């Protein structure tokens, strides 16, 4: 571990990574979670290609936010590290990022379709569709590919911190979901929900719904969990 | 726990809530079960937003049936508490209520389609389709939203206690399933069955069935499990 | 237990019943397995509506083959007991029967469609489609319903013992799969395979296959596992 | 075990076989993995029809590469042994072979459709579609059936070792997937990925994607994991 980093960050990042296979979001070593310490100017991320069952806290890699340099850790960081870094730089309010190849969310990403808002399960968390990016160009794939993978998300959302908070997930076209949140654990929670709503949406679409749910129902659900009038949950018992 | 409440009610409500993730009906903290003690004029329900793995009997919240006031417990009750209360008031014979966001039942709710009776698996428990409500109006969403969520179910069934017993489940449009029963555990059992028949129905519909099953087959199945001539089960070994 | 019954029969029937939820074929108490002792003229079956987690060997019920009378056991036998008895009487070579409400097989039963032979996974076990019965008539539902549920299977197969051995499964229209085999365990194995091939068939059909597999491929697979020239398996290590 | 065989080969083959049910790729005894020792001129494979839960290292069968003769082991080898042998002879660089009847890959095999490249999850491992073979002829089924099952794969790929390395999987028409790799464990990993991409592809196709992903994106993903410029993973922590 690195001195000077917020206590508990490594532990939270480790636990969020270990939870990926437990909640059924990963095949093999696919998927990674990071968490940031903005005061220290670094984020902590899973190493590349290491099996979850052998992953320990000492395997985590600490990366400098400013330039992506590895500042602590003995292993190479996830190949997706530059994507995480791009998102942290564009959206100052986010504290954690998760990437998975979960089945149903990837299906939407591969079909280049937004996950539409079909009900309250979606609106409880995402204040709008989970949007899909444009394709990366040949140039964006050739150079700084992973950073550009974050950049197409930023292009999609317009580097709008508020918008990133209202819909904390995006699908990279042909690739899969990236989600974020106030911390590592919250970004994982959004990955779980993104996969759940994609799964439910596929079934709903197979039933040919006649019309989308009324906007006032969706707004009610979003606002009872978010914003100044939220009344969901017991704050002292919520996971951070 | 509150003195004066039927012994065993808290334990049954706790166990039914803990069973939600075990039987695969819940993502994260979604889903809640309550049980009522009509003599004491209260019901016991899960607190809002508490993770199942940390839920204890002391976390349960006791709510007064007459006005929804919390009469015991240190946490806020489920945000869906008023929906439960509305159902208890409208249907005097029910003893427990369950709400989940289970995948296939939610898909029908989002598509605003009843779960049709396609075979004996459905007819063993539900004497008719699991019906979907109308949308809530803007006014119903703006004020007393959760109570009104119960009210659209009551409107759908006509405050008909017998009908509520024959089909102990309904889908709130754009939202998801609510189920009930003689007690907390039975309401959970109906949530499990509601999800199972929704899953089977989706597969059946993809095979384009030529005709519904004959009514006499469905009636036979319903009546062998319910009513005066029921002969299914071993009463002394049935869970309450 | 009853004296005079083949040693090990109760144990095999118990284990096959307990395996139903373990292999994912049952919701709640749905599903039952029986095994027959033809010399003793009885079969042993699961009691009605008892939870698998509380099921013990002493709960099993022994039923006389000739008339369906309970000859041992303190509980009521499965409501499906008369269906099992009908199959034992019609097909002298079978030693065990399993009934489940497994998702994909029930979908075919509800759609009144045979599970077609789409590949070697099916042909390894079933020498032809898993056929669906006609609907029961109103009279057949009104009287001796459960026995008649077996009778429509017998009508379908023509009380042909050889045919029952070649395709040891059938779907009762609007209801679900019944499977059989040389013993209780084997009938359960056929229930597992029936569900697996129904699942694969649904996915295959969604891909619009251009043509069925060639008959010589299917025959090769069936005969390498069955009949005088079979060469699959290690007999001394096979489960009975 | 046989003396003269590379140390650890039996252990790797045993563990890869035991992993098949753990990763959800097998029903009953379906599925088998082998690993080869080319210096010793033999490969080690699962015995036929033995349950995974009773499989021990002493049950494994050692088979001579040149003629398929069993040179060690007390049980009959998998009926698919000759298919494995055919693949080892045709593709000198492969060290392990896996065969399963995993649900979604079998669906593509039964529909006689390649698994198309719909995104980076596929391109990370397979540099092109997972192709499906032609049907075996009546003659190929009548004589040396299992060897010919390998031969149709070889015919499909043209005995091209490089091509076999770039797409280490094929679907035998009407049957199911065979995968291979540098060793037994790697061939199993490819079986897991083949099933995962088939599952995701089916969902993607149900969403009617407008166009395939751009070729430059797929190439980028394949080359970041394979070839001289690969930068995925931490070699010292990768499983062999």
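Worth a mention:
For reference, chains read A, B, C and D in written order, and residue numbers begin at 1 within each chain.
The definition used in the following text is that a contact is a pair of C-beta atoms (placed from the backbone, for glycine too) under 8 Å apart; a residue touches a chain by one contact, two chains touch by 3 or more.
Each chain and its UniProt protein: A, B, C, D = L-ribulose-5-phosphate 4-epimerase.
The structure presented is a predicted model; accordingly, all values stated were derived computationally and were not measured.
Residues touching across the chain A-chain D interface largely differ between the two copies, under half of the numbers being common to both. The most distant chain from chain C, with centres taken as the mean of CA atoms, is A. When chain C is laid over chain D using CA atoms, the rotation angle comes to 90 degrees (nearest 5). Centre-to-centre separation of chain A and chain B, using mean CA positions: 33 Å. One finds 46 Å separating the Cα centroids of chain A and chain C. With touch defined as above, residues shared between interfaces to two or more other chains in chain D number as follows: 206.
Those chain pairs judged to touch are A-B, A-D, B-C, C-D.
Listed in rising order, the residues of chain D touching chain A in the complex are 118-121, 189, 192-193, 196, 199-200, 203-204, 206-211, 213-214, 216-220, 224, 231-234, 237-239.
Interface of chain A with chain D (complex): residues 27-28, 30, 47-51, 54, 59, 75-76, 79, 101, 103-104, 106-113, 135-138, 141-142, 145, 173-176, 202, 205-206.
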